[in-house]
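Once you've had a glance at the structure underneath, I'll fire off some questions.
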Amino acid sequence: MEKVFIDGLSFAAPLFIMAMGGIYSEKSGVTNLAVEGFQGFGAFIGALTAVLLMPSMGDGSQAVIYIAMLAACVGGGVYACIHGLLCVKFRANQVISGVVVNILAVALTTFLTSAINKVLMGGSQSSNKFILGVSDRFTVPGLSRIPVVGALFRDMYPFEIVILAIAVIAWYLMYKTRFGMRLRACGENPQAVDAAGGNVARTRFIAVMISGALSGIGGICYAYSISANFSPNIYMGYGYLAIAAMIFGNWNIPSTAAVCLFFGLAKSGGYQLCLSMGLSSNYSDLFMMLPYILTLLLLTFFSKKNHPPKAAGEAYDAGKR
Amino acid sequence: MEDYIVEMRNITKRFPGIVANDDVSIQVKRGEVYALLGENGAGKSTLMSILFGMYQPDMGEIRIEGQPVRFRSSNDATAHSIGMVHQHFKLVDNYTVAENIVLGVEPMKKLAGFLPCVDLKTANRQIAELSKSYGLEVNPTDKIEDLPVSVRQRVEILKMLYRKAEILIFDEPTAVLTPQEIEFLLKIIDGLRKSGKTIILITHKIEEIKKIADRCAILYRGRLVDVLDVRNTTTQAMANLMVGREVDFNPHKNPAAFRDTVLEVKNLTVRNASKFEVVKNVSFRVRGGEIFAIAGVAGNGQVELADAIAGMTHIAGGEVKLCGQNITDLPIRERTEAGIAYIPEDRQGTGVFLDFNLGDNLALRKYYREPFARKGILQFHQFETYANDLIDRYDIRCGQGRKTSLRSMSGGNQQKAIIAREIEEHAKLVIFVQPTRGLDIGAIENIHRQILAERDRGTAILLVSLELDEIMELADTIGVIYNGQLLKVADASTLTSHDVGRYMMGVKEA
Amino acid sequence: MRKTQENHRFAALLDSEKWSGISIPILSLVLSLITASVMLLILGKNPLTAFLSFLQGSGFVPKASYGGGAGMLTDFFTFLNVLAPMMLASLGFIVAFRAGLFNIGISGQMMASGFLATAIIGYSGMNAWAAKPLVILVGLVAGGLLGAFVGFLKYRFNIHEVVSTIMLNYIISYLTGFFINARFADPLTRSMKICSNEARLTWTNVQIAGMKCSVPLGILLAAAAVVVVKFIFDKTVFGFELRAVGRNPLCAKYTGIKVGRRIVVALMLSGMLAGLAGVTYYCGYYNTIVPKALSSMGYDAIAVALLGNSTPIGCIFASVLITIFQNGSNYMSSTLGVAKEIASLITGILLLFSSCGGYFRYLAHRKLEAARDAADAAAKAEPQREPAVPASGMKEDK
């Protein structure tokens, strides 16, 4: 039972930060289906940095993880510029741009991983994985002794704390600062921002970059917890799960956090159920489907009532009146 | 040398395919109310958008208080004390009044000594004070989406005043107001003038200019025609200059010859997406040969009413009958075939396919049946013949005949195409919603003539319009809608525009 | 002065109604090839050799030598085997796209129909005359049902089809993976047991001109599909309504078209084509399904569709092009020593430039307008000349 909480939280946290990335982008008016690609590319850069640093810093070093997270953040942000350029400057269809970015991310990272591995390992053998190892866990003293809920504070990955901190900062930025106020206005009525002297294009572009940076962190966290490596398997569709979470959460940070937690608990709950029933490992595949089925089910109940930001999905045309 | 606070010299501005301003020069004196008169498309809005820094002129210069300036954005204009209230409000619906007003110049405070934070408390206080001092009552914490149009306009005005604007530009401010609200606005403008502000008023309504303006510049097709002293010029003279020819103010309306009831609406109720009743228990009837006009301030349910009768919106309660046949639950195509034609408010978004060509658009009501389609296969030569016929008879200007893309046609010609298509259905009921919005006087006269011709042919006409003049000119019967209810239904000859104005504001029977 | 004239002719080519359907994709292609060449040069390889080896790998240009029994035609027919499902898949995307919908779930629909066809027909031992048509039928039905389901979700619950199709992709992937591992796995290869030769949609070991070839039935299906799709969109009432829904659902509703139903049908058609692609792919040349490995073809089909300007004819050329890259990548990789993933990378870059197509056209349009206005201004500068009234292409202004 404890395991359900622990695993659920460690799945929910990276999902949540990716969903927040989606929120930033969409609230500024840019439909963002590219989270999957952003997290993959961010994870790639993070993993690459880790692999380059591990020989000098030691294989088990935890500091490498933090540096990798930073690299993933930057990598995701830089890669997101493609989506930003396509949507804001080139006025491409934002859904297509998202799908394009995702496809390109898979192709680019797979190719580069193989090519770089060739260089690193020398010779004709090449693998499409960067081996990373798993992040250490730690337990919060005191809080973890509370019955039932204390499980949430046990065996945590440090990145969960990092993500929590970033979430608070991101919330503050969005709702309390000048930048955030203008960003949200860009998603509702960009004409108003333009008339008030704000730069809609630049705000949206920055929002997309933030979205990429946040997603990149999510990706590298998954690489360090679920897969213990970077490979084409990083593209598990969790980026899309994050988008679905954002839709249920009605583009609202606290609600989205709750939805992500729910997803996480459902996934880990399903897996524990499978284990406890003593089914063969093949059956675990069935339980892997759980998050996706759950998404579809919840979407049927919630899609009708939800209100995306009014101006999302349309390129801003200054000439329209 | 006169004391000109604003001078625009030799301004020329081109957009793809059109010269919006052609070598226009105006001089505005400090503290006067300066009107820019011209019909739709004359270039008034473009000229003022240049003054407000939203566009850069291709040629010419601007001088503020004698100093030449260059505005690269509206921020530059605001820094020179220029403010603008646009015709389409630039407000964020789910923000409060205060948030909208301070957007761009937000007061800041430091939380815990170092975290930057928008100071909404100060903003609320400042706006409450500001609104009181200018007589523009607003509640800073109300959300825009909950406010009526006239209050939203006050927010737009306060936006300018918060930024300490001295030169205030109003772009068609009275388009969305009732006569009483217009009076109130003109009083506000007078007050602003008295407190030393300079006001530039863009409008196509001559009566308002006569009431409030000192001088008036007349623009025609991008060029400046003349600058007149308002007191010494007649309304007729201004109208003629605005249109470039003698204007006939009298509509030639034949006496009424009503036939049997065509449209019968009983207890109609329509709900919007939030389950709110936007049309409440509305009942009325329209006879053949009658123009029934629905007057009302924008947003009181008139468009939803028209949509419901046409089938675009679901009907929550009540019934609609066409010549005795109950059409309440009929899908749109069957209503069209039963005899309803609909000219919608949103020409480009709903009335046509911008990306299809003219021929396809003209055949939208017919493409699926003989002779336009045989066994599901389209007969394109039929499209061609039909389109050529309509282009000819309705004088639709298009570059390449039936192959012209709708997007490349002017607004007036797009509307001509829609009207042609719908009238050719020879329907029993034609619904017009805002048919002359944004069109020049020539096009407006043409459309009014068509509406009257259809009426004389015995068609029942339901006209929804925000232009009170249009309603008073055309209507046989007027129904005034307020908050989703028809407050008053009466013969047009028994109502003055002032009466209608009062009903539009919600005043019930006196 | 001459340079500006040439620039204008180029811009006119990009913007014209008649030629933009071809000129813009060609521009995207050229830009992608240039980018790919630059990447190859950075890796120290000769781009021309690379492109040549792509063509050799696909049987368009002869190789230096061939293995036993094989020849250029062998490679060409292999190429056709990959081309057929690619064309069908991209037609599937195009049908949905023209109706304004994004069917990103083609990979899943392919796998589902391939799996069902193999499981139901492939092991049944029916003879070829019965088996092959039935396989095609299963493909159509499975794909069609999935597509209709996605359409229903959108119509009834307003679920965006991008999210639902992707969710379905993963669900299908795990579900079929589970069943394959549970019942249908070949113990040696760990993937699904191959289906019978009778049911297979490709005839293997056919001798043509002395070379061993695999002849795909799917290529005929693809050709027929192109004709049918083109006919539907250009000539029928139904196609007209689909295009209307894709362009402006609100105006389509106003016209009386039942938008919701058209959406479901459009996605059903799209799914049917994806189903055909699936049986052609999994019961044809490849003849096996690796559990949980969705084919990337469903996503590459998007690149093909966009490159081909979303038309059936354009799709033919675009799929030929991209299949040359995909198919020739193995040979290119072995001769040049570049990771074969570069083919997907080139496809990705092609996709990137194709999606900018609208922007290229917009730039060209702006340039032409500026030139026209400059010419007008110059004409006006001439003394005593009455300038013409602006053309009817007026934008609605106040």
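Lettered A, B and C in written order, each chain numbered from 1.
Note that a contact is a pair of C-beta atoms (placed from the backbone, for glycine too) under 8 Å apart; a residue touches a chain by one contact, two chains touch by 3 or more.
None of these values were measured; they are calculated from a predicted model.
K.L.:
Any idea whether A-B or A-C has more C-beta pairs in contact?
P.N.:
Spelling it out, more C-beta pairs touch across A-C than across the other pair.
K.L.:
Can you name the chain that lies farthest from subunit C, using the mean of each chain's Cα atoms as its centre?
P.N.:
B
K.L.:
Could you please state the distance in Å, as a whole number, between where the Cα atoms of subunit A are centred and where those of subunit B are centred?
P.N.:
The mean C-alpha positions of subunit A and subunit B differ by 45 Å.
K.L.:
Centroid of subunit A to centroid of subunit C, CA atoms only: how many Å?
P.N.:
The answer is 29 Å.
K.L.:
Would you give the residues of subunit C that are in contact with at least 2 other chains, written as numbers and ranges?
P.N.:
Where subunit C meets two or more other chains at a single residue, that happens at 398.
K.L.:
If you look at subunit B, which of its residues touch at least two other chains?
P.N.:
In subunit B, residues 15, 45, 87 touch at least two other chains, as defined above.
K.L.:
Please set out, as single numbers or ranges, the residues of subunit A touching at least two other chains.
P.N.:
If we look for residues of subunit A contacting two or more partner chains, we find 321.
K.L.:
Quick check: in the complex, which residue numbers of subunit A touch subunit C?
P.N.:
33, 82, 86, 89-93, 95-100, 103-104, 106-108, 110-111, 114-115, 118, 126, 128, 236-237, 240, 243-244, 247, 282-283, 285-286, 288-289, 292-293, 295-296, 299-301, 303-304, 321
K.L.:
Across the complex, what residues on subunit A touch subunit B?
P.N.:
Touch residues, subunit A against subunit B: 172, 176-178, 181-182, 184-185, 188-189, 191-198, 310, 318-319, 321.
K.L.:
Which of the residues in subunit C end up touching subunit B in this complex?
P.N.:
Subunit C reaches subunit B through residues 17, 235-238, 240, 244, 247-248, 250-251, 253-258, 365-366, 369, 372-373, 376-377, 390-398.
K.L.:
Quick one: in the complex, what on subunit B touches subunit C?
P.N.:
Residues of subunit B touching subunit C: 14-20, 40-46, 87, 171-172, 202, 312, 331-333, 336, 342, 344, 346, 349-356, 360, 364-365, 367-368, 373, 376-378, 397-399, 405, 408-411, 413, 438.
K.L.:
Name, in rising order, each residue of subunit B that touches subunit A in their complex.
P.N.:
15, 45, 54, 73-75, 78, 84, 86-88, 90-95, 99-100, 103-106, 108, 111, 115-118, 159
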